[in-house]
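You will see two complexes here that share subunit A, one where it goes with subunit B and one where it goes with subunit C.
Up next, the complex of A and B:
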């Protein structure tokens, strides 16, 4: 897909560090390769492990799997194979959503919140939301549920929660926050109902977040970088409208949620959601710093909680970067 | 053969240099002191009447505060600070006046009784250095302190003219400041550093020195530093002149995300733009890029900051905002000072970043500060951070003198 690397570039890289040419196929420029080499040296020193890591990188293994982690907001999220690596776009909108929650719920009526995250993967979205908003929930309660159909993802979410919160022993005492993980397939309507009957604290879920697999199979070869294609789980990547269909036909139709934020990769997915939501729902699209459509959000204007301020903040949050 | 010569040469050069260097050093120092202070050896450095009056005001306030304290009234932190300041000024003033009256008595003695002239003069000579020290001390206390004096600082280094040699010199300066921080046991860290592609020298380096008060100590380091030496890259043994620019900024907040986030929100959306370097394509799940570079543009001031060292875009942004904050604060302070100078409507030599402030001459093993004319003949000592204090002290004394002159004009 990408043009061949010039031999002169490889030679130039080899003069700087013998491992540098190995990083070029993935990094493309010497500058970026040096940056990655620096991070790898920070992790592995200059031992034999560094060479092994660079060889892996040469075979397009994602840097996050080699180093085992990815910074996500102020959290450090552990990454393992078979679980999708958190993307910066997701980081951006999650932080934005957290700020929107902080700004609109801190001043207004104090209330208990329930947030549910679908297709959690590493658990990065719910964990970042907890970390950013935890100060609001000393008296009021926050319940966060993280749902995924992969056992490996569930294990990793638990690990990430423990590393980022449970290590600090006073987290449980200081904040009124509960975090649970659930393993089931959300496309299965019966299991969703079962989950709802057991886990609903408020009448409805306040915010539903999701980063579903949204790459249509037809784009997989054409538009997906080889590193993603070869090493990240197809389970977390391939999909088109299934999850947006599920949003409309299960979560909204059975009136389980008051608002949602779904990540997406294409405007056709926005159109699908906007055309199919009931008329009492207000929807909108946000763009990331790279000016690509990234999220579709919506809220029920007849819901007891007023979400207009929250989602106005969410929409405006990116104004610095556009 | 080459190797041996290489070993012997510097040895010879050094041993001869040490002798001459120490002689020159002494000579230069005496010249400098003649220039900067009012011929220190023979005359006492008596402070003008207006300054003494100012000091006496502090003395009065000290007495008032002391009475307040003895009554046992409420004493808050601000009062306490003020009290500490007043008491130290009053104390120094008292010692100053004691010494001054002693000197006057001795002078009188000379006119009254010529037979004692010799002894009195000897005593005056012994007393004067101590007196001048106290007088300088008092002067320092009377001058207004810099508004960011108690802040930690950020040092930014960039190579100037001179290509790779300038990059190497910038790196030398960076390590000098790190050594200096080490010597003082100050905490420091590198905020960002971009190495030269070919491996030697730096394109830019930003250090953070986390010790409170380090800004006051190091702010006079800002300016263009010039080096004269035979570069490592030179094949024909010619001496080159290169420069590197040093910018010292007050660090107003730590670069944790929490504090910068609040700061970020003080800007209007149209004042600032955050750019992230992103390749074309669909983004999102399609790619797992590791490029986390962030570029910050502040439109009203035209400041642009790029940051790419961290793996997290979020942290890069936080660091960029820390740097922006420091730059804006420093700019504002500089503008204020400039306005003050313009108000007096006269050309005053300042100790700001005018142009080249210091020369590092390696063949002569000499460092000269051009603002105060101070010279040290020990480049290795300065570069390891041990002797940098000597230069800093000299420039500070010079600045104090300059400020005192300004104060008198006012």
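Up next, the complex of A and C:
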């Protein structure tokens, strides 16, 4: 729990703007609070709505739910209640993955690509991958499937796809990209097989991405910030090894995928994956710019496509391109 | 005749600066990218990932040969902040490379001149306005004077 705010700090904030003290419980410092106030003013002006928004923020409602969106790479992702807000760590590794695909994958092989994203939520990962790599898919095709078990997440993913791509009416004509959403629980093996037999008859999944719920219930009260704990869906937060178990026992065991990238919270999840993958798989861990373990990736050595270059780029990470 | 021609050919009008024809902003080159290190500041250690929901993302760029550090957190988007930090860095480096010690890029000079120019134009305009008023006032005074005189004449004439 964070310490009590000093009354002197609140007084100082009130002198700058009368809404500023309302933002302090969540922002903690005046500098931070001013930044947020600026964004809120940009959205609401200085009307009664601004006061309402600041009151909401005072009750720890996430800023992204108040403003309704969160920038994610080059995209603007809509955020609604009951769906997890995309995090900067996810943004970072998705961009890295997109760059890795751009640099090594398609240039050399000139082949079609099949990407599946599990536990999509807002759909931020697949949409960013599409947006960053779309120029490569004028002749070769890219098929992206996004799976989630919550209807609200599916609706939001569709909305985000429409807002970011379908508005530009020539997207469908210019690029050979198909994007589909599916609603089912991936922990259910039968449903997964059904999905595979319906959608992926002749080709294996090239890249499987997932940002599963990875906060162990024992850490929920201790570590998780109150704004996350009170307002974001537990369905998208609480979980420990079941999704990594599912990765190994379903997706890898039935030979459905050639490579995967899974986000995670701590090293015990890495060890679990690394200990349980078959011996013909090569795995690795990436760290975010806060030097926390953030992703586990792996690829099949014996797969027809060579993924070593792609994942080497992914591991090396951040490069800035205009 | 000669003096007339000469007069028309020599002018001391200054070059006018236009708002949409300013010298370009300094570019951030690939060489600079190689010389820079980038750090993302997310408020120290502690929980990360799904456990916390950060709203800001501060980008810090350091140019190693010169030691210049710029930071940017003007928007919520890290992408935008990275672009902004690079623009600032390019500007700082351009300022540094200017030899005459004025620390002004061509764009800065042009912007300053544009400001002066606009100020002058404003002053000129307002002066003109006052001149018109002055003229009107004088004309009015003259009329009044004439009227007064005619009245006086009438009175004295009687």
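Methods note: the second predicted complex is superposed on the first by the 314 of 322 C-alpha atoms of A that agree within 3 Å, B and C clash if a C-alpha of one lies under 4 Å from a C-alpha of the other, contacts with A are read in each partner's own complex, and residues count from 1 in each chain.
Note that contacts are C-beta pairs under 8 Å (C-beta built on N, C-alpha and C of every residue); 3 or more make two chains touch, one makes a residue touch a chain.
Just so we're clear, the structure is a prediction, and the values are computed from it rather than from any experiment.
Visitor: Fit or clash for subunit B plus subunit C once both are placed on subunit A?
Guide: Superposition check on subunit A flags a clash between subunit B and subunit C.
Visitor: For A:133 in the superposed arrangement: first (subunit B), second (subunit C), both or neither?
Guide: neither
Visitor: Once the shared chain is lined up, is A:30 touching subunit B (first), subunit C (second), both, or neither of them?
Guide: Touch partner of A:30: subunit B, not subunit C.
Visitor: Determine, for the superposed model, which of the two partners subunit B and subunit C contacts more residues of subunit A.
Guide: B
Visitor: Report for A:246: first if it touches subunit B alone, second if subunit C alone, otherwise both or neither.
Guide: It touches nothing on subunit B or subunit C.
Visitor: Which holds for A:62: it touches subunit B only (first), subunit C only (second), both, or neither?
Guide: A:62 sits against subunit B and subunit C alike.
Visitor: By the touch definition at the top of the document, which applies to A:214: first (subunit B), second (subunit C), both, or neither?
Guide: Both: A:214 reaches subunit B and subunit C.
Visitor: Which parts of subunit A are touched by subunit B and by subunit C alike?
Guide: In subunit A, positions 32, 35-36, 39, 62-64, 70-71, 73-74, 84-85, 87-89, 91-92, 213-215, 219, 223-225, 227-228, 232, 236-237, 263, 265, 288-290, 292, 294, 320 sit in both the subunit B and subunit C interfaces.
Visitor: Give the list of subunit C residues in touch with subunit A in this complex.
Guide: Touching subunit A: residues 33, 38-40, 42, 45, 47-57, 73, 75-80, 82, 86 of subunit C.
Visitor: Looking at the complex, which residues from subunit A come into contact with subunit C?
Guide: Residues 32, 35-36, 39, 62-64, 70-71, 73-74, 84-85, 87-89, 91-92, 213-215, 219, 223-225, 227-228, 232, 236-237, 263, 265, 288-290, 292, 294, 318, 320 of subunit A touch subunit C in their complex.
Visitor: Which residues, counting only subunit B, touch subunit A once they are in their complex?
Guide: 195, 197-199, 257-258, 264, 267, 269, 272-276, 278, 281-292, 308-315
Visitor: Report the residues of subunit A in contact with subunit B in the complex, numbered from low to high.
Guide: 15-16, 27, 30, 32, 34-36, 38-39, 62-64, 70-74, 84-85, 87-89, 91-92, 95, 213-215, 219, 223-225, 227-228, 232, 236-237, 263-266, 288-290, 292, 294, 319-321
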